[in-house]
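Pasting in a structure now, in structure tokens, and then I'll have a few things to ask.
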Amino acid sequence: MTKTTYREAVRAAMRKALRDDPRVFLMGEDVGRYGGAFAVSLGLLSEFGPERVRDAPLSESAFVGAGIGAAVGGMRPIIEIMTINFSMLAMDQILNNAATLRHMSGGQLSVPIVVRVATGGGRQMAAQHSHSLEGWYAHIPGIKVLTPATVPDAYGMLLAALRESDPVFIFEHATLYPLEGEVDEAAQSFDLARAAVVRSGSDISLITYGGTLGKTIEAASRLASEGIEAEVIDLRLLRPLDTHTIVNSVAKTHRAVIIDEAWRTGSFSAEISAQIMENVFDDLDAPVARVCSAEVPMPYAKHLEEATLPQVDQIIAAAQEIVPHHG
Amino acid sequence: MAEFVMPQLGADMSAGKLLQWRKKVGDLVQRGDIVADVETDKADIEVEVFCTGTIEKILIEPGEKVPVGTVMALIREEGKPAVAEVPARPQDITAALPAPTAPVPTPRLRGTPVAPSGALEVARIHISPVAKKLAADLGIDPVSLSGTGPGGRITLEDVQRAAQSRAATPAAPAELDRATRMRQAIGAAMARSKREIPHYYLSTTIDMTQAIAWLARENLKRSVEDRLVYGVLLLKAVALALREYPELNGLFVAGKAMPKPEIHVGVAISLRGGGLVAPAVHNTDRQDLGQLMRNFRDLVQRARAGSLRSSELSDSTITVTSLGDQGVEAVFGVIYPPQVALVGFGKIGERPWASQGQISVRSVLTATLSGDHRVSDGHRGGLFIAAVDRLLQEPSQL
Amino acid sequence: MPTPEISESLAVEREHSLFLLREMLRIRRFEEKAAEMYSLRKIHGFLHLYIGEEATGVGAMQAFTPKDSIVATYREHGHALARGMPSTVLMAEMYGKATGCSHGHGGSMHFFDVSRRFYGGYAIVGGGLPIAVGLALADKMQNRQAITGCCFGDGAVAEGEFHESLNLAALWKLPILFLCENNLYAMGTALERHQAQTDISRKAGAYGLPSTAVDGMDVRAVESATQQAADFVRGGNGPYLLEFRTYRFRAHSMADPDLYRTKEEIEGWKKRDPIRLFENRLRDEGVLTESDLTRIESEISDEIEQAVRFAEASPPEPVEDLLNDVESRPKK
Amino acid sequence: MTREEIRDGIFRALTQVAPEADVSRIKPNLRLRDQLDIDSMDLLNFVIGVHKQFKIDIPEADYPQLATLDGFIDYIAKAQSH
């Protein structure tokens, strides 16, 4: 096991993939000479050369579409879209081609492509650079959507994704890149199906993914000091969603809060809440609560951005509201 | 003889209006010639012909609006003999249209299901699902509890606390409740039926000899598990007869008769320990006897286990009740509202039977129809029962 | 008396000319049958016919080898037939049958045949261009010595993906041949009403791409221009753009009342019907006899009738398989 | 198989069909259908239950021999002997 950061873990995984498989190549805005907007691909250009670490012009539709075409043509591209905010420009290629070609061709075409995208707010980038839209992608059948929230997942998920023969989207919350942790480079297989119970508890289930896992764990520990034992679930991936782990937890605790950085209306937390209601209605002791972003274009000012994003206090308040208080 | 039909001119076009003919009877037309102008929602479009020949007959006049697919003219193709008679214009225009690909969901009627829960109104109290489940399991009536949850909602803990502090629970009150609640519900439905529905009753005797003989031969070929009971023959005969008399297959709602396109025959099933339900066998007419038997057995088992689906309780378009096993001669049943008919079958018994001056011993049963006079009359009801009789004479066709 | 070599090459020439004529006629009759089946509600949804543009599809397709890749658009029946896909599986696809070339999943706008490297029709205008660029990128990175033919219409020229794709292809010298079939209309909008610069071939220069405008109604002109452009691209010189100036005799689709152009304009272009033009030329050259023509027409009509019978008789895909092709592993 | 074992097997099949039936009060020589609330569907399920337990075939023609409990036991014993 080696101590590293989330950013270096992703880089190590890409370096291993580029070394092991000649079909793998990295393409995206400023991934080469600049080393990546978040310095994830630093040093890869000098090691693997411009053919396999390709700086793309600012043409998201063309270079994502070219990645899809190259995947159909036998390559295993890793496409980096600098942030989710620019991914809208490639949504037609993603929805109408990447996710659809296998089915529309009657099963003839495979699109083994991995698309990495930085996501989320919290760094005062204001409205156009702070979106959390993973839920949009998780709506589309035909692709996988991963949200690695830990250093081991940042490493293992990328390598596992490269073994899939369907498109895989990996959303890396921008605040996680400096996160420290350990990676087991010898780990062979890596699970791309199960959510993780990060902390077990019996009074309430706190369900989240990606950038809000840290805040949720902190909320759980503060609740414990008040005698409320919270179970924390890191979804790890949004599609396919591990409904089994979610409903088992809520069946045990009878209460749930879902923490999701997206805007509340039509967010992925709404889907999780619906699946809880559909599967374990009779075990619920209170309506499923949700802590999401306020419905406002992300403001620039620090105090306003903090008022917009889900915070630890809100998670604690939501839990206290539905867990019977003792004494 | 080639048919020149109203063409499909766009994905969402269902009908078109003929503006004018460009050709008349006797004209020679080449493949691709413009033969007529048609007006659609979007614009007037010139319509080409796809064959070469002479116009034999014009069937539609300019100004007429007809659905896509309607034959508008007949063209005798080059080198093909003229056909003597002219195919009649389809009376029922809709028959010419292929069924819409996506099955149009028939509006599911939230009629009061006949089953016990129908007529009972439980006072609205706020209680969480898990608390309600526990209260039911422990036989605690939630009305007696005060909720400590938000907005006074009764929570799990409230029920647990009540359970601990409660004296010894009386012997299984819940079980007693259910049977009386069911009796009340059935009573209410029957009273309403009698009050609102002007019943007429018909009965006839049906010779079952052929059916029983065929059934015995059929069961020899089948393993024990797949063996058929004669009730299944009755069920299929009723379903097939309903195709010819659709007014008996449907509901009477808000003062109007609503015949139903699908035939879901509700089958009266007695519950052990009293009570009755009549869940629907979906699409009875489209199932073969083997399928009907399997579904019927499954329905009986689930009815008695209390695990019927809500759709099975609300989808019946008519009900059949057979009290032959109980030794009843003839059943003059009460229609289950909002249905408009009920068919009853009595027991099968041996009877002297005279036909063409000869006396023989035949196995017969009495079939009865209770009909809603607002929707059908004795004449149509009689023809229906006769159709059931006729169908039972050729069991192999069922 | 021509020497054996000359008569030999004349025979090959005659054989090839008849082949080109036959291919164009085959497409025309297939499209007429498709229109007929659509009006009889056997084919549903959208249907975009290639009648009038046969010379571009047939002429251009001769320059591509089995190792090359083709990316087309929703007006793809001609390209699919010219690429060798049987008319049976195309008709079955439009009938939505399991035997269709896309198992009934794609329909008229989405034919696929991986064995012939026909990578599909695309219904989003311009949506296929980046895919074609990607295929060319993969060929180059794997040193496959193959090129990609990317067909699109004048409408796609207005899409951002046209600009992005041409720039990327030129920047990375990718082995791709852009084939713009300019039929003067983007659905109902005439070229001069949607492009400031209507000479499409001149746009390629902005990206350092060589290009040529070709009379799309002359099958031999299309064939030779495409052959030259393909040789240029095969030589590793980067992409090339061909603009075929052609015209569609039918409306944009079956649902289009064709209100945006005059009957006179259509009749005018019909005088330059690519099939009639070529027939007359082959008659003048003594290559085509009436018996050739009737033989070709009857062979084609048998083939088309057989395609319809195949489609009518084919089974639909069982509904139970609905989710099979959404992911590589069928849904558990 | 002894007669008691056969009788218990029959009762097991019977309670499947009529759980509320009190098997101890069944008279072995009276018609079962007069002592129990069994309709034609119950009878078929009852026969199927017996068929599964004793692995013997019971054609419809033999139903009259099963009218009483004793008759039923004799029938099964005979079927098992060959």
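Residue numbering begins at 1 within each chain, and the chains themselves are lettered A, B, C and D in the order written.
The definition used in the following text is that a residue touches a chain if its C-beta (ideal position, glycine included) is under 8 Å from a C-beta of that chain, and two chains touch if they have at least 3 such contacts.
In this text, all values refer to a predicted model and were calculated from it rather than measured experimentally.
K.L.:
Tally the contacting C-beta pairs at the B-C interface and at the A-C interface, and name the larger one.
P.N.:
Most C-beta pairs in contact, of the two: A-C.
K.L.:
Using mean CA coordinates as chain centres, what's the gap between chain B and chain C in Å?
P.N.:
Centre separation, chain B to chain C: 51 Å.
K.L.:
Can you check how far apart chain C and chain D are, centre to centre, with Cα atoms defining each centre and the answer in Å?
P.N.:
One centre to the other, that is 75 Å.
K.L.:
Please tell me the distance, in whole Å, between the geometric centres of chain A and chain C computed from their C-alpha atoms.
P.N.:
41
K.L.:
Express in whole angstrom the distance between the two chain centres, defined as the mean CA positions of chain A and chain B.
P.N.:
49
K.L.:
Spell out all pairs of chains that touch, sorted by label.
P.N.:
The complete list of chain pairs in contact reads A-B, A-C, B-C, B-D.
K.L.:
Please give the residue numbers of chain B that touch chain A in the complex, ascending.
P.N.:
128-133, 148-150, 153, 155-157
K.L.:
Please give the residue numbers of chain B that touch chain C in the complex, ascending.
P.N.:
5, 7-13, 31-32, 40, 42-45, 50, 68-69, 98
K.L.:
Quick check: in the complex, which residue numbers of chain A touch chain C?
P.N.:
Residues in contact with chain C: 25, 51, 54, 56-57, 59, 61-75, 92-93, 96-97, 101-110, 141-142, 164-166.
K.L.:
What does chain C use to touch chain B in their complex?
P.N.:
Within the complex, chain C contacts chain B at residues 32, 36, 38-41, 44-46, 254-255, 257, 259.
K.L.:
Show which residues of chain D lie in contact with chain B when the two form their complex.
P.N.:
Those residues of chain D that touch chain B are 18-20, 37-41, 44-45, 47-48, 51, 57-61.
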